[in-house]
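Next come two complexes built around chain A: one with chain B, the other with chain C.
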Partner chain A sequence: MAVANLTRRRSALFDHPLPWLLPLIAILALLAIFPLFYSIWLSFYEWSTFNRQLEFVGWRNWATLFDDDRLSASLIVTFSYFAIALSFELVLGMGLALLLDADHRGFGFLRGALTLTLVIPPAVAGMMFLLMEDAEFGVITYVLQTIGLIDRGTPILATPSLALAGVLLVEIWQWTPFMVLIFMAGLRSLPTEPFEAALIDGASWWMTFRRITLPMMGKVIAIAVLIRGIDLFRVFDYVFVMTSGGPGTRTFSLSLYAWQQTFSFVKWGYGATLSLVTLAIVLVIANLFIWLTKVRW
Partner chain B sequence: MKDQQRKEYLASITDRYVRRKIGRRSFLKSASQLGLGLGALGMGMTRPFLPTAQAAGNLVPSDEVMAWVRDVSKPFAGTTLRLATESTPPSNAINSQLKPFFEEASGMKVEIEVLPLEQVLQKLTLDIASQLGTFDLYYIDQSWAAAVSRDVFDPREQLAEKPDLAMPDYNIDDFLPALVDGIVKYEGRWVGVPYDIPIFIMMYRRDIWEKFGFDAPTELEQYYQQAKAVTDEMGPDLFGSTGQMRSGHYSLETDWTAWLWGHGGSIFGSDRKFSGNDDAGLAAMEYWTRLWKTMPPGVTGWTWDGQGQSIAQGVAASMLSWGEFFPFFDDPKASKVSGLMEAVRVPAPKSPLRTVNETGFGEIPGIGHQGGSSLAVSRNSKSPDAAWIFMQWATSMDTQVLITTLGGGTGPTRFSVYDDPRVLANNRVGPGTTRHLPIVRATIAEDMGSEPDLPQWAELSSDTIPVRLGKYFAGDYESAKEAMDDIAEAVDRIVG
Partner chain C sequence: MATVEYRNIVKNFGAVEVLRGLSFQIEPETFTVLLGPSGCGKTTLLRLTAGLEIMTSGDVLIAGERVNDVHPRDRDIAMVFQNYALYPAMKVFDNIAFSLQVRKLSPDEIRRRVGEAAATLNITDYLDRYPKELSGGQRQRVAMGRAMVRDATVFLFDEPLSNLDAKLRAHMRVEIRQLHDRLGSTSIYVTHDQIEAMTMADEIVLMHDGEIEQIGTPDEVYDRPANRFVADFIGTPSMNFLSGEVVADNGSPAFRAENVQVSLPDSVPATSGRKITCGLRPADLSLSETGSINGKLILAEKTGADIHLHVAVGDRNIVAVVPRSANVAAGQTVRLAIDPAKVHLFDAVTQHRVN
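Take a look at the complex of A and B:
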């Protein structure tokens, strides 16, 4: 009788999802929930250089947000970067994926070669493009001069109207292949029947793409946009290496600003506040996007 | 093999390895035969050596100094010391060439992290804030001295309080007084000892200046006219001047101060308010804007690295900048202008320099902008005595001589080093030259300018001011007056 009860209790325990979820809950609590609440707590404090301790400042850090010109400038830069890079990576990624979605000789190699950009650390890629966009000896500058797009000796990364484009160049070069790989995986998993039917019905390539490929790829595109979008909003490496946020504040991203306040100027409270603002923006946009595109996890 | 012979042999194989006459395998084999063991292994595994000297003298630490290190370090054998530093000639020379000698004699291990300046500041501030004592020694740029003054030991107190640990003949009075005032003194305390002295000197291409029939520039306006003539005649293949003008970078602020001070201006007035927007400040901006037109177009994207490269690669013909670049220009392997550069004192200011009493926060106007640093023992260190021994060794006269000769002709911070025969032996064209050092010494004594000392200076000098100067050169302001007024408003708000 006692053994039966014990077995029943043990069975009930193992049937319950909680024991199986505990490791995940512990990891989430340690790596996500605790840092989040700690950041919220920290945003009401500020490090006092003079007293060498955290001091309670109430809502001061949050109030500063509304009177911070640098924050407004960095938000504009971050949103511009996000929108332009995502648009280019999406369109170019889909275009290249469609071109490479074939089994001709050599295409396998091309698909493999595409992944090479992804293994380069972003800071190294930034340094490469910093040199390639140099006004004196940069190959990109030389090509743009040759085709007449810029004047001789134009410093791309130090020219206000070009600096953001100069940083976007490396971003798009490095991360478009990521989109290509995701889209290609999606294209390869599509059923062939709808395409055969469209062919028999005489549908044009554009009609097939618009009416069959795109709708069927919707979820894949949504996931790719979500992953890249979140990443783009945190842009740091390229601007840090290539422009230090300049000229002026033309490439000063929100993440760079939060990093600078936190680590260079030891304004831990305000840095935490800026990080929370970034998190809030990403959460709102991502969830809005998920709701609009009806992505189901 | 006697100790002295062993060291000479070690110096010899090190020299051959540096010159790539022997491979790393042969070097390590020879080093292990000397019983150098892991110390040499660490040396061999580090980054490539920097341009080296060809001094005739014996380039190994003196027996007396190493005997003291061996004797005084006995209780600290096995201790690990950590230092985060910028990639400067002294740090590179110690890290790649001299550290094994100290480690072998002391039994301590020294870990040196060589990082970009802004990352050193980040590590230092985090270490201070957390009080974890991750780093035993602090590399302190002069612009941070006020902010960290309470977190390090005053070396004079260490000397007085620990006579048993004091290096014989350390002679703290040997440090150049101007550097002590400009780099390490804050509110009467010493924030370490002067460790490194990059300072602005005038450097120009002798061949180009001779071609134009110019004398070395002695006045600012004359310098502008010469630079303009070179650019007008030879641009865009060669530009008359160059700069370090990347927006938002500390280097841009250092350029600005030289022109500001040279026009009789100052960063702060005696009322401790920003005064870069007064008449002298605006005259400096007008001059700088003109001079900027004589520089390569990429100059607004460069920090000091780009500026130095523009000279070394023959893109620009002159610069008022860090003297520690000079030995690099003389290295034929790294530069196209080896033997063509001349160093002279900075041009005279257009208007009389302001006195210290006319400025705020201890600012010392002078066209020879100094970007020196100090080395100090952290109060958070878990091994402050061991760190103090290393610090004395690293900043001693003997080690400075080796740094200057092996480390590429960097400017010494001690009187006695300038006249040392081993240093004088390198007064010739070639890598690691010291032929510019008489000018460096004269500039320190006569023309040196030092930034103000205030805790907020790190933020002001590496963000507030250079970001807005960058905006000015990017055309975001209608005029220099508008830019300077904006800087004034921001600086005064931060300083409070």
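Take a look at the complex of A and C:
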């Protein structure tokens, strides 16, 4: 009897989903839910250096948003960075994926080699490109000078018109392979018959790509855009390492601005408000995108 | 209309020999069925014809012209795939119209041709839908429509009905055959379903292990199977096989095995002692008091139209199909008879037909 009772009690306990979900709930609560609510709370306070304590400021931090030139400048930088990087990564990623999808000799090695950029920490990649874009001895600077795109001795990352492009270079170099991987997985999972039918129907390569491959890849592309897009909007490491947001505010991203307010200027309340703005923008754009492209999770 | 000719076709996938030197010709306007079990190479042969596979050696000729190096689009063929192979992102209209759009026909001409095909196939109401919104049978029709508008001289069908339910399959069999008769094209149809082959074909090419076992009309392969494999493959229920020998019974030839003695036509040489496999079609057997095949009835399966009798003869079971009016019960002893002209004899060693 006692054994039967115990078994029943134990099975009741183990049948319930809660024990299994607890670790996940704990992690989420600790790393996502608590910081979120803490940030919301914090956005109504500000650290007073004079009194050395947090003081309630009501809606002041939120009101400041509408009258903050640096915020609008950082939004422009972030949106430009997002749009340019995403376009390049999409087009280059698809092109390379189509190229590497063929089973030619040596392509297996190339596919493997492509993933190498993804294992380098972004800060390290940023440092590498910082050196390569150096005005004196940078190899990229040298190549661009040789083909006549920039003048001799131009410091790419310190030139207002070139700085963002200089940062985008490492972004695109490091993350295009991610797109290639996702697109290649997508291409390989497509059924072969429609392509054979198109072959018999006499469609050209471009027509096959435009009317058969691309629509069939729609969902895969949408997922890639979503993952990459969210990441791009939070760009921090590259600009922090390479330009610190300069020259002026030419590469000053929203995340960098929030970081600067929080940790350099010790304006914890306004820093939290800026982070919440980033979150809100990402949430709205991502959900709008999910709704428009009908991506199902 | 076009002939399709195969000359010594060999196809290897790595070390696996899929087609082992096939040579035959398909006559214009015939409906030819490539029939055989899974893995016999029939689909590979069809894909070679379409240009979707490259053969290891040999030649394919369409309308007398060697097409080994001709692009699939230039072979003047249309193909219906097993999984329909519709373009998922295009509506039915565009699916059917795609090949015409590729050829840059005028929009009016495209609309006319698609409209005609859709009307023939009864899919006019679905032209504005996507393939995923259609049932299996409707998708099959769209695939057929796509092939039809091409005005090709050779139609290739790769097991087009295998994903449909039994009733729809029977219906589509008739439609495909009628379509073929109306278009007057040369059709090559791959299937592993012998009923499809028997009902639709002008000519059946029966394949096994990358080789041709027999080419003939449905009647020929049914009535005079060239070897034991063909005899076994064609016909439902399958042919009964008994091992025994030919003996001379009062001067006329007879087949003898345990509990069985079957008279044979006089044309069979009564070479006494020759080892023979005797094939008896279940439908050719009948219950008879004077029958020379004795056995015990172990099961009587009623199929509705008739009864399948499973009879233990010696250490073997044989099946006979008798009318539903037959009064039989499991456990009783039965005697079966057969018309000597309907007995199939195969050499026990070579498996080739003897009579």
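Keep in mind that, in the parts below, the second predicted complex is superposed on the first by the 270 of 297 C-alpha atoms of A that agree within 3 Å, B and C clash if a C-alpha of one lies under 4 Å from a C-alpha of the other, contacts with A are read in each partner's own complex, and residues count from 1 in each chain.
Assume contacts are C-beta pairs under 8 Å (C-beta built on N, C-alpha and C of every residue); 3 or more make two chains touch, one makes a residue touch a chain.
Keep in mind it's a predicted model, so treat the numbers as computed, not measured.
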| item | value |
| --- | --- |
| Touching partner for A:39 - first (chain B), second (chain C), both, neither | neither |
| Greater residue coverage of chain A in the superposed arrangement, chain B or chain C | B |
| Which of chain B and chain C A:64 touches, first, second, both or neither | neither |
| Doubly contacted chain A residues - partners chain C and chain B | none |
| Contacting residues of chain A [partner chain B, same complex] | 47, 49-50, 52, 134-137, 152-155, 157-160, 243-250, 252, 260, 263-266, 268 |
| Chain B residues touching chain A - in the complex, by the definition given at the top | 118, 121-122, 125-126, 128-129, 131, 147, 236, 246-249, 296-301, 310, 313, 315, 455, 458-459, 462-463, 467-468, 470-471, 473-476 |
| Contacting residues of chain C [partner chain A, same complex] | 50-52, 71-74, 77-79, 81-90, 98-99, 102-103, 146, 150 |
| Touching residues (chain side chain A, partner chain C) in the complex | 191, 193-194, 196-204, 207, 211-212, 215-216, 218 |
